[in-house]
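In order of appearance the chains are A, B and C, and numbering begins at 1 in each one.
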Amino acid sequence: MTEALLLPPEAAGPGASFAMRTEGLSAYFGETRAVHDVTLDFPANEVTAIIGPSGCGKSTFLRCLNRMHETLPLTRVEGRVLFHGQDIYADGVDPISLRRHVGMVFQRPTPFPTMSIRDNVAAGLRVQPGPKPSRARVDEIVERALREAALWDEVKDRLNSSATGISGGQQQRVCIARALATSPHVLLLDEPTASLDPISTQKVEELVYELRKTMTVIIVTHNMQQAARVSDRTAFMLSGDMVEVAPTGVMFTAPSDPRTEAYITGRFG
Amino acid sequence: MIADRVYQTTLVVFALCVPILLLLIFAEVGRAGWPALRQFGFGFLTSSTWDPVKGQFGAAPAIVGTILTSIIALLLATPLALGGAIFLSEFSPTWLRQPLSFFIDLLAAVPSVVFGLWGVFFLVPLLRTTIMPLLRDTLHLGATPFFSGPAYGPSVLAAGLILAIMVLPYIAAVSREVLMAVPRSQREAALALGATRWEAITGAVIPYARTGIFGGVILGLGRALGETMAVTMVIGNRHELSASLLAPGYTMASLIANEFAEATTDAHLSALMAVGFVLFVITLIVNAIARWLVWRVGGEVRA
Amino acid sequence: MSAIASAHGAYARPRARGLARRHGVSILMVTLTCLAAALAVVPLVAILGYLLKQGAGALSIGFFTHMPRPVGEEGGGMANAILGTLMLIGIASAVGLPVGIGAGLYLAEQRGTKLANAVRFLADVLNGLPSIVMGIFAWQFLVRPFGHFSALAGGAAIGAMMIPLVTRTTEEMVRTVPQSLREAALALGYPRWRTSLQIVLRTALGGIVTGVLVAVARVAGETAPLLFTALGNQFWSTKLTQPIAALPLQIFTYAISPYDDWHAQAWAGALVLIALVLVISVIARFVTRGGHAGGHD
């Protein structure tokens, strides 16, 4: 097992301007194919949104990007996924080390209930390779991550209280801070505002928009307006196929594929 | 990852301890009891001669006593436990439910030896002075073989009574859980047809929970069969096959508890081990049946 | 009109009578079941009450600090038995907890596999094993080959009895931890073993502790497995390879003796034992009711 993914973006091979790229990616649940042969680029330092109706495979696709799909039983992946030029599904690649460079935020807030807010945010630091950071360094990182998640001011006085004692929107931002604390190169967001109130949703969207400066963001959402607000490029998936991908402005005003147009204009969804 | 592999293997090792332990018990107790079983064959189970001096061992009184005391216990405990469970799940006001269940369950936490102590100094004298004369003479049940003969106190009846108190919480807990697991829609359907509350219970709820309740009763049986200390303190410890409930007797568990420390000959020891083996096998089967019954209904056995 | 009216009346009356009877039966059964529930509590109250009455008299500070005295002498106690019980609980936990928690984790994580189903079933079967059978097994396996009784053998015997209880509650509690928590940890780069131990187990720990307490309470009162393993000891002993006293054993010995002094001591011992068991049980229940430490979603 090689710790194969510590290359900084600049030093990667061909395709270095893409943070991630899938080539012919298919994902299976048992015999059922949920993602069909998808080839897609994710340019560095851009926000790419993936939209589509329920069950079209967008979450499954996303979970292939950090090898979370395979944590479920009876699953299979075909094709290649390049992370800074290296295929993450190649033999000898350790999925755990991949996940330390690719962060993920889930649909529902999942703070660790037995840990304080501070420990939650620092949770990812515990499994990073290398020497353990000092307590002061950890506190610095926690503050930085909470500021990036636009939550610092709200919780700075109760970092040691339980992470379950705050509102759902705040919990989700703790989860985002937790993902940001390890300075991932790519951040995967799976419908991050689906269970949040409108104000929290707005805060998260503003956050996503700002994050492009330091990392690449891929966000799955069933909310087209959200995709239009935060993303640079949008991809539309339908029944496991990647139908169309285009700059966001173009996608929502002049889509090329009739199926895209039908979805966007609300004829189905 | 190596650490993952180590973790998985460790867990499997711990999990395997359970079947291995059971197998070990079966093998060791069986091995130690085999000489006696081989020597007496089927007669071990049917003969009532238990003479350590002459080397004659027949466990029939103990086996019969075990079954008899357990049946008495179930007959007394089941109506009470079931009735209480029905009350708790169907009629009880919400505020009463938790505390009352709690108290009934607490009975299961009382150690066997404490039951025995209470039995020796309270129940047995009470039986001797009041209840047994009542049954035998005042109610004239002494005319039947079941309540005839001298009534010193320590007896099959005493053991049955104490066992009834001891298995009550188990039957009640399981019954309560399976009754409460019956979907509300079942009760409502019956009520909508014009049934009274009681008719809804007997007609819809209990039949639905029937298997689980039966499983709870069998679970209680399993407990009663294996109970040692309380029984040994009140049953009188006599190798005797008597029809009378007022007479002393023996159970397999109390036989072992009573004589094991004094067993000097290999034959005696082997015979006691053989009794243990028979008890083991019987409770194994009964508990397996109980588990299967309760599992079928989906109720979890908490007791 | 009158013919119809009277026909109506003929139908109405028997049905009304039948309905009243059915309602009456229903009310009767409510009363009877209420009575049954009340009666079910009576034995507990009776026993505890009698225990208090008999035992309070013999209970004193001396009971906890003095050793057993020969018959006729004043001021005996059960200090050695109390210590013995605590030591035996310690040994039992050392045996029962790792196996129980490990097996419980296995059952929760490998749900549905044939081995897991078999182990779960057998754990329940083991739970119903008569304690006397465990006792003679422990004697055959841990006493006979070594030629002497020991605290270790006794502790191991009751430790084995703890295993099924701890396994079941561990499995149940680990199962209450939502899958999403596990996924969140995996997505952060936690390896599986750390996810299970540092995240999942830690989340379920409150409930597991409750289960352990319940198992300890049940096992602290066991006598039969100790009869031929720990044996009991009239003297103060902390040696693991020697016989050791225990509360239930001492109570039993004193109860069946012919001496009134010792009977009184038995009552006091029973009071202490039941207080110990009940306090642990009550704490365990309130820890659970006070809120799972387990994951809410």
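The rule is simple: a contact is a pair of C-beta atoms (placed from the backbone, for glycine too) under 8 Å apart; a residue touches a chain by one contact, two chains touch by 3 or more.
Keep in mind the model is a prediction, meaning the values are calculated, not measured.
When every chain is reduced to the mean of its CA atoms, the largest separation from chain B belongs to A. Set side by side, A-C and B-C show the greater C-beta contact count at B-C.
Taking the mean of each chain's C-alpha atoms, the chain whose centre lies closest to the overall C-alpha mean is C.
One simple way to say how far apart two chains are is to compare their mean CA positions; for chain A and chain B this gives 58 Å. Between chain A and chain C the centroid-to-centroid distance comes to 48 Å (mean Cα coordinates, whole Å). Each chain gets one centre point, the mean of its Cα atoms, and the points for chain B and chain C are 16 Å apart. Within chain A, contacts with two or more other chains are made by residues 96. Those residues of chain C in touch with two or more other chains are numbered 191, 194.
Counting partner chains per residue, chain B has residues 1 touching two or more of them.
Taken in their complex, chain C has these residues touching chain B: 22-23, 25-26, 29-30, 32-37, 39-41, 43-44, 47, 50-51, 54, 98-99, 101-103, 105-107, 109, 115-116, 118-119, 121-134, 136-137, 139-141, 160, 163-164, 167, 172, 191-194, 196-197, 217-218, 220-224, 227-228, 248, 251-252, 255-256, 263, 266-267, 270, 273-274, 277-278, 281, 285. Residues 1, 3-4, 6-8, 10-19, 21-22, 24-25, 28-29, 32, 79-84, 86-88, 90-92, 100, 102-104, 106-107, 109-118, 120-122, 165, 168-169, 172, 196-199, 201, 219, 222-223, 225-229, 233, 253, 256-257, 260-261, 272-273, 276, 279-280, 283-284, 286-288, 290-291, 300-301 of chain B touch chain C in their complex. Considering their complex, residues 66, 68, 71, 96-97, 99-100, 103-104, 106, 108, 110, 112-114, 123-124, 127-128, 164, 175, 178-179, 182 of chain A touch chain C.
Only residues 178, 180-181, 183-191, 194, 199, 202-203, 205, 293-297 of chain C touch chain A when the two sit together in their complex.
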